[in-house]
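Listed next: structures, encoded as structure tokens.
Two complexes, one shared chain (chain A), two partners (chain B, chain C).
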Partner chain A sequence: MTDSHAPRRRNAREDDSTPLLSVTDLRTVIRTAEGPLHAVDGVSFSVRPGETVCIVGESGSGKSITCRSVTRLLPSAAEIVGGELTLGERSLRALPPEELESIRGDRIAHVFQNPQRSLDPVYPVGEQITETIRIHTATPSEEARRRALTLLRRVGIPRAHERIDDYPHEFSGGMQQRVAVAIALAGEPEILVADEPTTAVDATVQARLIELFRSLTDEGTALLLVTHDLRIVSALADRVLVMYAGTVVERGPVERVFDRPLHPYTQALFRSYDATADRESAPPRRTIPADGCRFRPACPHAVERCAGGDQPTFQGHGTDHEVSCVHFEPDADATAVLADARRSSPGRAMEPRRDGEGTQDEGSEGPEGPGAMGEPE
Partner chain B sequence: MTGERSSGDSGTPLLSVRNLAVHYPITKGWLRREVGRVRAVDGLSFDVDRGEALGLVGESGSGKTTVAHTLCRLEEPTDGEIRFRGQPIADQSTAERRSFTRRVGLVVQDPHEAFNPRMTVGEAVAEPLVVHGFDDQGRREAIVADLFERVGLSTTDTDRFPHEFSGGELQRIAIARALITNPDLIVADEPTSALDARVRADILDLLDGIRREHDIAVVFISHDLDVVRRFCDRVAVMYLGEIVETGRTERVLSEPKHPYTRVLLSAVPALDPRERTHERPLTDVIPDPADPPSGCRFHTRCPAVIPDPDVTILPEAWRSLVRFRFTVEVGEIPPELAVDSDEPIAHDLVRRTFDLPERLEDETLQAAVDGAVAALAAGDEREAVERLKAVLTTPCERREPAVETVDGGTVRCLRYESDIDASPPGR
Partner chain C sequence: MSDDVEHRFENIDWEHVSDSRRVVTTERVVFVCGMALVLALALYDYRSDDLFLVARWRPTFTDWVFLSALVVVMAYAVVPLLRWVRRHGVRRSTLRERPAVLAAGTFLALVGTVGLLSPVVMSTPPLRFEHAFHPPVGFSSSVVPTDCLGRETGEPFERVCHGTWEYPLGTNERGHPMGYLLVEGARVTLYIAVISLAFIIPFAGAVGVVAGYRGGRIDDLLSAYIDVQLSIPAIIVYFVGYMYWGPSILLLLAAFGLLSWGGLARLIRSEVIQRRSDGYVLFARSLGASERYVTAKHVLPNSTNTLVPSLFQLLALFVLLEAAVAFLGFHHLETYSWGATISESVNAAVEGQLHDRADDPAYRIWWVSTLPAVALTATIVSLKILGDGVRDALDPRGERGET
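Coming up: the complex of A and B.
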């Protein structure tokens, strides 16, 4: 059996639909012994109902802190110091903790890399799911148990009726992650925030979870997925944000970013999947600057104006595809960086594709004004 | 270094494993009576030549980490033999064992767990020398400093502590420690799976350069096929304690022979977002290694499971019927077919869910499938399984496949045995 699921075709109606979650110029700081660390430094994005947005980056890029900032599930040393977070019409930033608590699980649910974070070792899994159901809706206990059973089956727990009263430790790691997803779904959230949900599971289990996520978004649940794995992005994303050192460096529809990774960092990331590519080594983290373009010490195209001030302003390159790199600024010459885009595309090794071919948008190629994604910047 | 290396330079492989088995007893009660055995590794044979990189790939429960531990003598085999340079390691005297452990280095997955937090990394790297009685401290420090440079670190890093390093840097230090005794073999257990893509690529390049320069063999254990493709000369695919396929890496990954290898490869998402299809196994459950399926251990999940000659049925129909059978058998009933109330389920829904053929030529088969559909609709999974089991028979369930030589490698699947009538899997 094969299963096909193309990236969502983006049309005018969808672009106009109100975002479910909007994050604007988010800034989150972590206090460390060496001073404040700007873990998230001016990140903006939005997620619409039924849409999958992937944040891809390496450890230290701020991708996890970004998604934990949404419901303030942050370590105690971290603090949101700027920006706006809205869910539907409501601002999340100003919300008192009790109200935020009621949004967590009910409207926004989290799945973490380590399923043990979501599971309580001293209660049977069924009880944990029914508890979530009953917190969020006034459901009679029998009905809640039946729903719990359905959820366990949906996430692929075999013989669910025999396992509903088992404890988390009686499940394998892959099964625990499925149970964690079932708990997350129990409150029927509008948006699922998943942080590396498949990193610790086997390939065939991962394939199964990918299918599950697809069926959820088909039903209208939004998915914000954080990962370091480009293959997961390729399998699930409608839109991608590439993060480096607390900043978004590139964003756009998944096919465009994969066809033509524009930012030199995105290009370096993509080339690390290709054993035959020439690569520059990843620099030690302590050398990353906190102004201008953070990638410049490792960038083969770095010039003087990469340094200082805010990160380079986003420049459009075709419909919805934007990059924060000085070489794409109106008066600059992006030829050299664009040449690298071609040799860094992971699809490069497959069929040779001509410019513009295979991208299904009706929008024209070539630079467009920033803000094509309808995001404030 | 991609030519055929079927025999080592001296004729004997560096490492030779024959019928290796590692079983763990499952005990019950305070008398710890043995009630069963987890057959973590069950009859493994493979060779590794000097300077060769062999990848062991598989999912949880495949036994790959147990193999790593056995090779480093962290665990003793239940059965079988491991020869190192022709000599069985079980027969080693204390002195020989000491020299053996010096010749085999281990690099583990999580570098943060591999180091003592209170010891400088320089001391940690030198530790194997101390253990092996190398007393000259000045020489030790010189060797460590030299190694740090070779793995891409600074000689001044030796005085720092593990927490001061990133995961990638620590993995470099772990490689330095594995190299300090001049090993002939490095066993690397998922050495890059905790690392970011760019750092992972750097570590693989480093390890690759070192092994080529010093002709060190590597047994590389990984679940990541990208990493194996990049690093290994040959690959052995493991499933539930057995090797199901071996061969040169390019061949196995581009033309997999065993249906499990095909499923595993297909489960890895393509780097092209337009390519979102994959070949699914019949069922998702990885069976319990304590109670592996009879015959071919993969048969409960195998999309290429072979029908018995007397099952007269078209290939498409066979596929959906065996999927029906094993899905019910392992208990992966989709939620829409679960009866938790007294309301019966429409037979039609069962047929649609499993994409069952409308009519079958064979009347016995038709009756059995109808019976199973009715049983499942009424909530009787056991009855449904019994009906299907009686007619959807397969040699894969009864007969253990032998190891066949194919394309310079091996495969363990009945499809490759001469007396079995089955076209090769897929088209």
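Coming up: the complex of A and C.
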């Protein structure tokens, strides 16, 4: 198992120890009428060049706010109150807005869920791509346009040279999302933060987008992907973060987490993808406790120790695989939870949607994606 | 790359002349050159003893204000519009499909041209009371001028004067040709429209954008200010100013204009607030665009659907207000506004030297009121139609719906 996931990390550069983006103990609150809501409550993770990190979790678990906190792209009611964000060597947390703007789009780019709403309806798509280029560099317009064409071809827009002057409404939803990706890529970012980029598009388009993202990471772009579609996770992720109520409950390489989901919440989440899901829909965020293990009210294994204080400390369970659950603490007995792990594994349920992609992502690694072929072990 | 694409590259170059990074933009060049020209002309006019600047035109202070306003409108409305037309092109079919918009545009262009050139090419005609109340060509009237230049018919005591080509549109009680009065009215209308477009609409824009974009306390403060301003009756302010400084177009614009932009500012504010939550704003922000850039490049262009018709509506309102004030007689006596001319036939029939005609109902000299009333109505209708037309033209999504 230890070496079996090595191919998945094919894109991670040699200096694995220096992450491109690292987020440490991030805390973001949203001010609401009923007082502050801890949308992100102590989240830590890191993304290395060429690596794909997926954040999974149900709606309202703080996935999107985590992503938007990275470049402080938050709604006015939200505020980062703690933690550290580092891109390369630079701290993003205290950066003045102008410098942050020079990083957005240039080093970190975002793609959002709804492509229809991401594109400005009053400009042709080509202009929206050149706009991104020209915000950051004084590129001659001819050059910018050439690059816009290249990008449109790159994301798979057929007859790009004819369509570059078309308006967003003249594209289908899937095309619009690809155009949005082209716009995001225009500044040649080192890391792409994609917030549910495949949710609003149909299955065929999803497969194409997966292909596109894969080719990006092959070229060394890091990808931070938020999704609640486990198929996307299994197709793309190197590592997975499972979030619940603003906290990370489990993190690790995708095949380990999929093969053996340790946290009772992860198990419940994975089981909910099963047709015979026994998990009810998420409780309102206000009713979730804001201390200790947030999942304890719904957890079949909850004990007294789960309550109070910070969330349980992360316990390693094999290489890189960590879980925040009291049952995995050294003096506890995790047998009962582990017993659920096997039957909650979505590994077999995650059959690929088309052309076989995904099968290789479930633990038994074969050659995968373009670019992985010639990679020596 | 085909020739076609090469050709388009030029287009892109041109469109980015306005790139905010650059110091020299077409807008700024037009603005600076135009202002310099106006200033130079004003200085020359001030220094020279000559009575007339060009031909028979003696510019007044109002004229200089108008010329500066014209420069502002040229630089920041006409230049961007021309650039837009150049980039997107106006399809002939679109024009054919919208004959009303085309007609409205043509009419307003005519009013504008005539109003612009009138001070240069026309001079105030002499008072000729003996030529008062000639009917237009093809019509006849029983209110006979002392000297009827046209054909006269009827009994000695029931004379009828027919229209003459000397005065194709007839004359008013002072013997001024109606054509002259209409042209002068067009000039007043043009002044009102251009000066308010250049110096009053920007208030609405600035306050609306700042309030919507900053939010919080600044928004509260500005919104409260707008409420207060909208509750001040402009007509009273105008009368107070009238008592001190006498009537003038500038006073009218100051009183009505500066007190009436609140509605548009509120509209802009709410548009900015709504558009700011649109996905493309977040997307542009995520790609490094500053708030200011996003507002100028994405928020305002996406608000044209609402703003453009309201802006034209406000211009129409100003034109109408000026006519109303002039109709009441609180205007500068030598400004022959359409409103003033409309009132002439009504007033003429009841008072003054024409007292002997006091029993004549106003309809017997119908052309004096009707012609400027038609011009005024046509202008206001045209402004509204053109506003809708410009809105539809600016919206790329509209092209699909129209077939």
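Quick note on the criterion: the second predicted complex is superposed on the first by the 318 of 377 C-alpha atoms of A that agree within 3 Å, B and C clash if a C-alpha of one lies under 4 Å from a C-alpha of the other, contacts with A are read in each partner's own complex, and residues count from 1 in each chain.
One rule holds in what follows: contacts are C-beta pairs under 8 Å (C-beta built on N, C-alpha and C of every residue); 3 or more make two chains touch, one makes a residue touch a chain.
Quick caveat, the model's predicted, so the values are computed rather than measured.
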**Report entry** Which superposed partner A:Arg104 touches (first chain B, second chain C, both, neither)
**Finding:** second
Query raised in the report: So, does A:Pro96 touch the first partner chain B, the second partner chain C, both, or neither?
Result: neither
Report task. For A:Glu58, select first, second, both or neither according to whether it touches chain B, chain C, the two together, or no partner. Result -> first
Requested in this report: Could you tell me if A:His161 is touching chain B, chain C, both of them or neither one (first, second, both, neither)?
Outcome: both
Requested in this report: Have a look at where A:Val122 lands relative to chain B and chain C in the superposition and call it first, second, both or neither.
Outcome: second
Requested in this report: Please work out whether A:Ala180 is in contact with chain B alone, chain C alone, both, or neither, and reply first, second, both or neither.
Outcome: second
Requested in this report: Have a look and say if chain B or chain C is in touch with more residues of chain A.
Outcome: B
Query - First (chain B), second (chain C), both or neither touched by A:Gly309 - result: neither
Query raised in the report: So which bits of chain A does chain B touch that chain C touches too?
Result: 161
Query raised in the report: Which residues of chain B touch chain A in the complex?
Result: 59-60, 152, 166-169, 196-202, 223, 225-226, 229-230, 263-264, 266-281, 284-286, 323, 330-335, 338, 340-341, 355
Query raised in the report: Which residues, counting only chain A, touch chain B once they are in their complex?
Result: 1-7, 58-59, 146, 149-151, 153-154, 156, 158-162, 172-174, 202-208, 210, 228-235, 237, 254-255, 258, 268-269, 272-273, 275, 279, 281-282, 284-285, 346-347, 350, 358
Report summary line: The answer for chain C against chain A in the complex is residues 5, 8-9, 12-13, 16, 19, 21, 215, 278-280, 282-290, 293, 297-298, 301-302, 304, 394-397, 400
**Report entry** In the complex, chain A residues that touch chain C
**Finding:** 71, 73, 76, 97-98, 101-106, 109-110, 112, 114, 116-124, 130-132, 134-136, 138, 141-142, 145, 161, 165, 167, 169-170, 180, 183-184, 186-187
